[in-house]
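Labels run A, B, C, D and E following the written order; every chain starts at residue 1.
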């Protein structure tokens, strides 16, 4: 009887570790290829080990500028999504505006159309009419609009799960609704906002289509677009450079995730349920 | 009470709420504007254009004509509906894809992972979580390429491993493209389900499981009888989101370009081809509208299942 | 400090009336407990005083001013929440000083004041901890400190002690009692624990289903409960209620029930009126007025023993008259009472309460 | 005055030469010659089709670069959509006085011509041929230096001979399938179709949707990829197929590969990903034969096809005069020579030398007289996609040539209308 | 039913020892309460019996068998959780029958059995409700029913009543008392409410900081608390403890403290030993043994009044001897006691407890 209990635990651990390993496998290649002078699609221990690919990539001004552009767009988008979603989700959770329940579901469905390529044209036309073509702002606004419905949906559930007595006690103590929001509600909602921030950062950082449609000059293009510069006219990838650039390009999201999970804990605190 | 309530005359009686309607409206404004401009307007534009023959190039680029339901009829033309490379074919493909990779793959694997990591030692939990989440957060161009290398017939990591244990190499992208994108999408998206279910499980008081332990339940019985029914709300939300995301996902394109010979041409890829390779915006818009209706149908089904099961006794 | 008054206040949630046509006055410096079972509308009433709910009809007055539609922040009240609602991201000092912060006090001044209050409440040494790092009792005192940090007109408490364990509850109760005598604050205190209400209140409002059924001093409520509901709610253990069949016999009142022997009682006008409405009366005897008696004593109830609990200085002896009708005696003795299968409990005639068939108290001759 | 120039080229990327040329040579020289004009180069990093989308969207809203690189075959569809205007409409009649027009060969001038008007200045053209691995041919006992097939059968025979000694190899590569995109049409299907004496469009401008030529072409595909496995079927079907075909050539798996001169210029030079080791020794070329001698288009024995790119003016440019000045400036011989110094290629202008590239000199002299240009048809783009699908259906073995052609017929008819198709069966 | 034993059981969480070297025996059919303040290791001990925690060292025996490493499901125990742990998605019938379900019983059989048990507990009419649709007391009984539905060797209770309000708690306590007498089950019951422990237990184990400080019958613990800790923990309000300076004077024991007057006590050997270790003793008097006295009475404590709470049948009078040292008297009277600023409380010499400087009880001459 002692053993079944132990066996169960070992079996669980083994299974979990195996699944984790299976998830890591497709990424192994990226740990090796960038350090190979001449990479194949195969997995090969770098021999000789070289950093020359990184030198080449760092020497590519366009590619480096693109990373910076990605950062501007992602950070700008995240701030806008975070702020607008927080305010809106708070209103949806705490005010008694009629019909607020259905709103998020409907928006969520609408956004499913708009996230497809079908809506790229109207978005282009809107940005163009607003005179925002080829600006970071265009990308930031468009992402904010597209990501907001889901962000609001997730965050509203999160706020619903937080006791109202926090704000109530603040108001009884003399705080105005705005004070109560900033002093009390906002810090308490923070773990939920963090989830939204990571989620939208990841989305913007990796997205190709929207910046591609809305930007023109190479000085504004983000890395998701720039990575294609390592393809030739016919699509010939320079595998080693591509791998090196991919690695650099991936680092910020990984770093953000690690930072956030270390600093705040990245999980959906009991939030999100229908 | 017998007295008339009319005594509270028409003076502006506002019921207290944490956020007054006016403040609520102000809070909703930024999001409302952004969503109106970038979601609602395009949404109606897409609906409108789906009734025209607008294209990007050629004669109908600037002067599209109203064609009524022609785009929809063309999509649902019974003569070609099920042919490869036609709408019906990708619709069925996508449905299978959603069932296999979202419902069975992501949701079940996410559920299993979330359940497993409740009990395993912290370092295994941390490590497994990190890999699963890495698959979710890395940029799609990057993982598209990683998988390409992973599945390469000649030197790919997967075949290397198969060979190492004495199995023959497989030409997965060519022979099993559908299952490749199913596995790929499962891999890519399981993290979301895992995190959601993880938080759902940790919101269940531990005493529920301990009570079952004491009552004599096995791990499976606890999972089936207690854990799953208690997180039904989370399951519904999760299914709505991942179904929608999977339905719209375009990432498999990076792996297969929708091929070989349309075997992985999901509706989103079909939509892309129609709109951006064939430049037929009208038809593409019609595809978009139908995709939304299908998403709507899924959402309603989930919600009604979620509600119905809660009903007895209420 | 200020008085508080409800005037014909009703609060409906949809169809459901959580509070029905309630009126009462709370004098300046009074400590009133709202007592009643779960769901009777206590919290709703309290929240209407705080301004966190708006009455459907009627007026709420504080200090003579109609504040029915005032925002909570404009009422100058202080409130202690059942779940404390301590802000998890602020340390105790900031939590306690928050009301001063929103009043625009300077940092140094408000922290000095927070320290002062915290010291009084014996949590001065914890000021830089987060709420998650202190015990339940300390959390309770922190939330109290936050309410006491600024001078409010009225102090509101929503079951502030119900999350504490017995010992801490007792201690905190003593503390509140002391505070009330010191400060002479106007307080409204919601609880469903009658002992708390008895110990703290200058007056108790017993509520049931959205209405106030009795509003009087603790002693009055203990001695002359207005209805069987109040009788059954107040007292620990509560008053024993025995349904009796009453007849007028020889100008005296005869009461009959299984296992009950009781001498005939003198008739009064009130009893006559009650009898006219129905002959089923309810006899009430508090447990502390029952004692183990010999089988032949005059006023007794006899039934099989159900439980016999000795608790140190006192014992509870419960007999079961069938169908869940139990009678408990509370006997002050620090020894175990040896009892047989069947037990007879005796009482004095002048400790008897009578309620009419609608459950309303029948006034005593001298009451 | 500010001018924006866009090309599908990125410094440090694979089309670095073009970008470097514009950035380091053309712009400084032009700015020096035209004080007050600032020129900015947008280096476009995406795919061809994506640049097409961008330009179409931009031109439709009055935005976009003043001068832009442009693929000639897109001109008709842009013009029909009202998205492009002829050069003289944009920049005035003096355009026609440019000295350079006379220096353009007849064939290359046609690249940017539609309805008798110039829409841009062609930069260069290309030709298509069979690239050979002489070492492999030699192994199979074929004299590589003199080998020149004169019919499809001879081409197949050479492939069979190699297959016989190297059963694992895929000696012959003729592009097919959707993933290869336009390379399927231009480097594969059409090149073969011309060998049957037909083209995609007949002399009346109607699309041929049924013909013996189509069937023969598809049957050749079937022979190569399905029946005899002379070609690498996977490379036609997978998303990165074109790279695989290049790698096959590099690794000697493929000995005969139908591609443009671009393959020699950009794919196999030393230092590139698909560099062929010891290239001067082992890489050769041969003309693409007609199905039978004399059966090719216009009765030719050998066939080839040319496309070309150039630069166009934005119809809505704010400074048409400066834009035109820039466009013509970059097409003057000095600038084109500067480009040749960076990367030799076949220029449109006859007065610009191809320096030091025997391969380009030889092939252009041999093949340009034989070449055929893509048709000027606004629907070409969409039909080309259908061609790719048709070939894919055949090489994957899914459909028979007849079935594939039937589907092609239905799709093309849906695109261009029943009035614009013709059946030759 | 079976006996339970701990043999030198220790449970550490990291560095921290939640339970230290605890040994005890629980006889077959005994009802033992684990009583102690929050964090003293009660729940941890109980969970080790259940198998929900594994001891760091030592053995847990059930029915004489070493079950230290058995999985909970293999121990044949039943447990009632503090939060009831009723499954919100199952109706009462399914909740109660769940242990039978996992044992593979057929649906009809297990529902029949659930009904049987539910009827005994008077919740038979609620079987198709969900837990959220019944009251707290009913939930408590449901969780009890789930524990009783199958024959277990040992029944474990982790503060099962602490979520109930005072009235329901009393009722449920009576019910458990009755059940125990009926079934004679072996039970281990965790509580920090001393009244509950006193009322229910055959023996009480008082725990402090992971150790058992006294393991004896309720009466014994009430009458002869082994340490000041026990004295202070048992009794409501707890025993008053007064630090005194002791001197031997004339063969008698003289005790001195501010406001205290007490006649000299007879010396015993035990007192002598205690005095040898230190002259600071602790005097203990239970609140119920104190009464308001005249200023001149022999054995008294005098100090300013701190609180005077009347609670119906009894009053608590608290005086404050300074620095938080308060003395409470519990006086059985149903009237408010009028008191001045300073109050004198009197006691009888034979109700006095004495503890040595280490807090250990000094045995009485006759004890």
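Quick note on the criterion: contacts are C-beta pairs under 8 Å (C-beta built on N, C-alpha and C of every residue); 3 or more make two chains touch, one makes a residue touch a chain.
Source: prediction; values computed, not measured.
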- Message: If each hop has to land on a touching chain, what is the smallest number of hops from chain D to chain E?
- Response: 2
- Quick one: which pair of chains has the most contacts? A-B
- Maximum centroid distance from chain C, chain identifier (CA atoms): D
- Item | Inter-chain centre distance, chain A versus chain C - centres from mean C-alpha coordinates, in Å | 54
- Note on the structure: Averaging C-alpha coordinates per chain, one finds the centres of chain A and chain D separated by a number of Å equal to 39
- Return the distance between the CA-based centres of chain C and chain D, expressed in whole Å. 92
- Task: Could you tell me which residues belong to chain D and also touch two or more other chains?
- Result: 53, 57, 240
- Enumerate the residues of chain A that touch no fewer than two other chains. 121, 125, 168, 171, 227, 237
- Note on the structure: Expected list for chain B, residues touching two or more other chains, is 15, 56, 148, 276
- Over in the complex, which chain B residues touch chain D? Could you list them? 55-62, 80, 83-85, 148, 153, 171, 173-174, 254-261, 276-279
- Query: In the complex formed with chain C, which residues of chain E make contact?
  - Reply: 37-38, 122, 135-136, 162, 165-167, 170, 173-175, 177-178, 181, 192-195, 198-200, 218-219, 222-223, 233-238, 286, 288, 306-307, 309-313, 316, 318, 326, 330, 332, 334-336
- Task: Would you tell me which residues of chain E are touching chain B in their complex?
- Result: 47, 50-52, 71-73, 75, 77-79, 81-83, 85, 87-91, 98-99, 101-103, 128-130, 133, 146, 150, 156
- Please give the residue numbers of chain A that touch chain C in the complex, ascending. 163, 165-166, 168-176, 179, 183-184, 187-188, 190
- chain A partner, complex, touching residues on chain D are 4, 6, 8, 10-15, 40-48, 50, 53-54, 57-58, 61, 63-65, 183, 240, 242-243, 246, 262, 266-267, 272-274
